[in-house]
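Here's a structure for you.
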Amino acid sequence: MTIRVQREDFDVGAELKRLTEGNHAIGGVASFVGLVRDMADSKTIGAMTLEHYPGMTEKMLTEIEAETKNRWPLEASLIIHRYGRMEAGEQIVLVATASPHRLAALESCHFLIDWLKTKAPFWKLEEAGDGEGRWVDARDADDAAAERWNTGPTPKKHAAE
Amino acid sequence: MTIRVQREDFDVGAELKRLTEGNHAIGGVASFVGLVRDMADSKTIGAMTLEHYPGMTEKMLTEIEAETKNRWPLEASLIIHRYGRMEAGEQIVLVATASPHRLAALESCHFLIDWLKTKAPFWKLEEAGDGEGRWVDARDADDAAAERWNTGPTPKKHAAE
Amino acid sequence: MKVLYFAWLRQRTGVGEEDIDPPAGVTDVAGLIDWLKARGPGHAEALQDVSAIRVAINQEFAELDSPVAPGDEVALFPPMTGG
Amino acid sequence: MKVLYFAWLRQRTGVGEEDIDPPAGVTDVAGLIDWLKARGPGHAEALQDVSAIRVAINQEFAELDSPVAPGDEVALFPPMTGG
């Protein structure tokens, strides 16, 4: 179970390899990588800066990861979240989960990124083409995506799929 | 959109990098890697052999990928499936999808692996500790997982999340 | 007509692929399977429970009542277990 | 008591962090925000719409009626947009 909050980029292949290495109980690894895209709300974005709350960020990511482990039978999990300035195409975040079971890996990975988006203290400042910085508004869809995991019929622990 | 059916192992990091390279419209990449695990139905598994139907395999994977593209707005997708003998811990399959939107990437990746499991002509022969080969039975849970995508309220195309 | 067998159907029949020439009365998959059973004890054992068998004709999934014709590639196999 | 501001709250107040000593009448988050508004026009503008503000006390999420005490670390920020 690994959590890292860092300025520098990360190597997805190396991270996923480390996650599963030597653990033959793992049957599936699900991962999600978030990238800076060059369009948002029909505007061209050249770069963005991610501000965060050092200390609380690590604390919240640790809580989110613990909740994930509580809900699904995981062999390993990983959250890496960057902060600072990133250009279009750069990697922002990596979440990955490894489980004996495919469904547990897929669902827990989806849960991790949904919860992270609304519960980890990060804020995005986008640089539009005109050089203006604009703080990104939180999206109702993200709240709904996170909320879904509270009300949905997710079993507490899958003994098996 | 890439499909490969091959004997040899693959490099997840290199594959995912190639998937997104130079495409700044991508906001999220979801992936799933299936691995040979050392336990199945409480028996120790040392290795397995995947048999497939050359020709039809590629045809079905192409159809599954086309259906995925039809349901979600994807910028790129990838299916790599191995055949032949693999030992515990080895990689069997990689599916990955890249989209402007997080939800589209996560859902389409889940869909790809669920459909692949029940619609692509592969058969697993497990080698138990006693050296006996045993053909793996298809699981009702896998049929149910694939079926869910027919009956669920999945929108045809998300314009945005 | 070409018939392919996979997984335990291949093992029990003892053959991966065979070229056959069934009589004109064999017009669908069910009829073909019945006719194939007579090719030997391995075939009879492999094909006895049709509910355990899946079929493709020319690499498309098919049913027991799907028509078969000379020149077809018919594949018989158990439910799939890839991924 | 320490107050932290993030994102546009930091920009509008012009400060990322400040040590303050509010009067004894300030007992909860709502009272604290009211008191902070008087520190200047930047603070008044940043804090005018409390519905747009989220709060953490000692790095735990809190509400407008959560109590605050000397020694607390109180953070004020907009809804989060990470991931």
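Think of it as A, B, C and D in the order they're written, each chain with its own count starting at 1.
In this section, a contact is a pair of C-beta atoms (placed from the backbone, for glycine too) under 8 Å apart; a residue touches a chain by one contact, two chains touch by 3 or more.
For clarity, every value in this text was computed on a predicted model and none was experimentally measured.
Centroid to centroid, with C-alpha atoms defining each point, subunit B and subunit C lie 27 Å apart.
Centre to centre, using the average C-alpha position, subunit A and subunit B are separated by 21 Å. Subunit A and subunit C, compared by their mean Cα positions, are separated by 48 Å.
Per-chain CA centroids place subunit C at a distance of 73 Å from subunit D.
Counting partners per residue, subunit D has 83 as the residues that reach two or more other chains.
Shared interface positions of subunit B, i.e. residues touching 2 or more other chains, are given as 34, 102, 113, 117, 139.
Chain contacts in this assembly form an open path, with each chain touching only its neighbours along a single line. Applying the touch definition to all chain combinations yields A-B, A-D, B-C.
Listed in rising order, the residues of subunit A touching subunit B in the complex are 11-14, 16-17, 20, 22-39, 88-89, 100, 102-103, 105-106, 109-110, 113, 117, 139, 141, 145, 161. Put simply, subunit B touches subunit C in their complex at residues 34, 50-53, 55-56, 59, 81, 92-93, 113, 116-125, 135-139, 142.
Listed in rising order, the residues of subunit D touching subunit A in the complex are 4, 6-8, 10, 56, 59, 75, 77-83.
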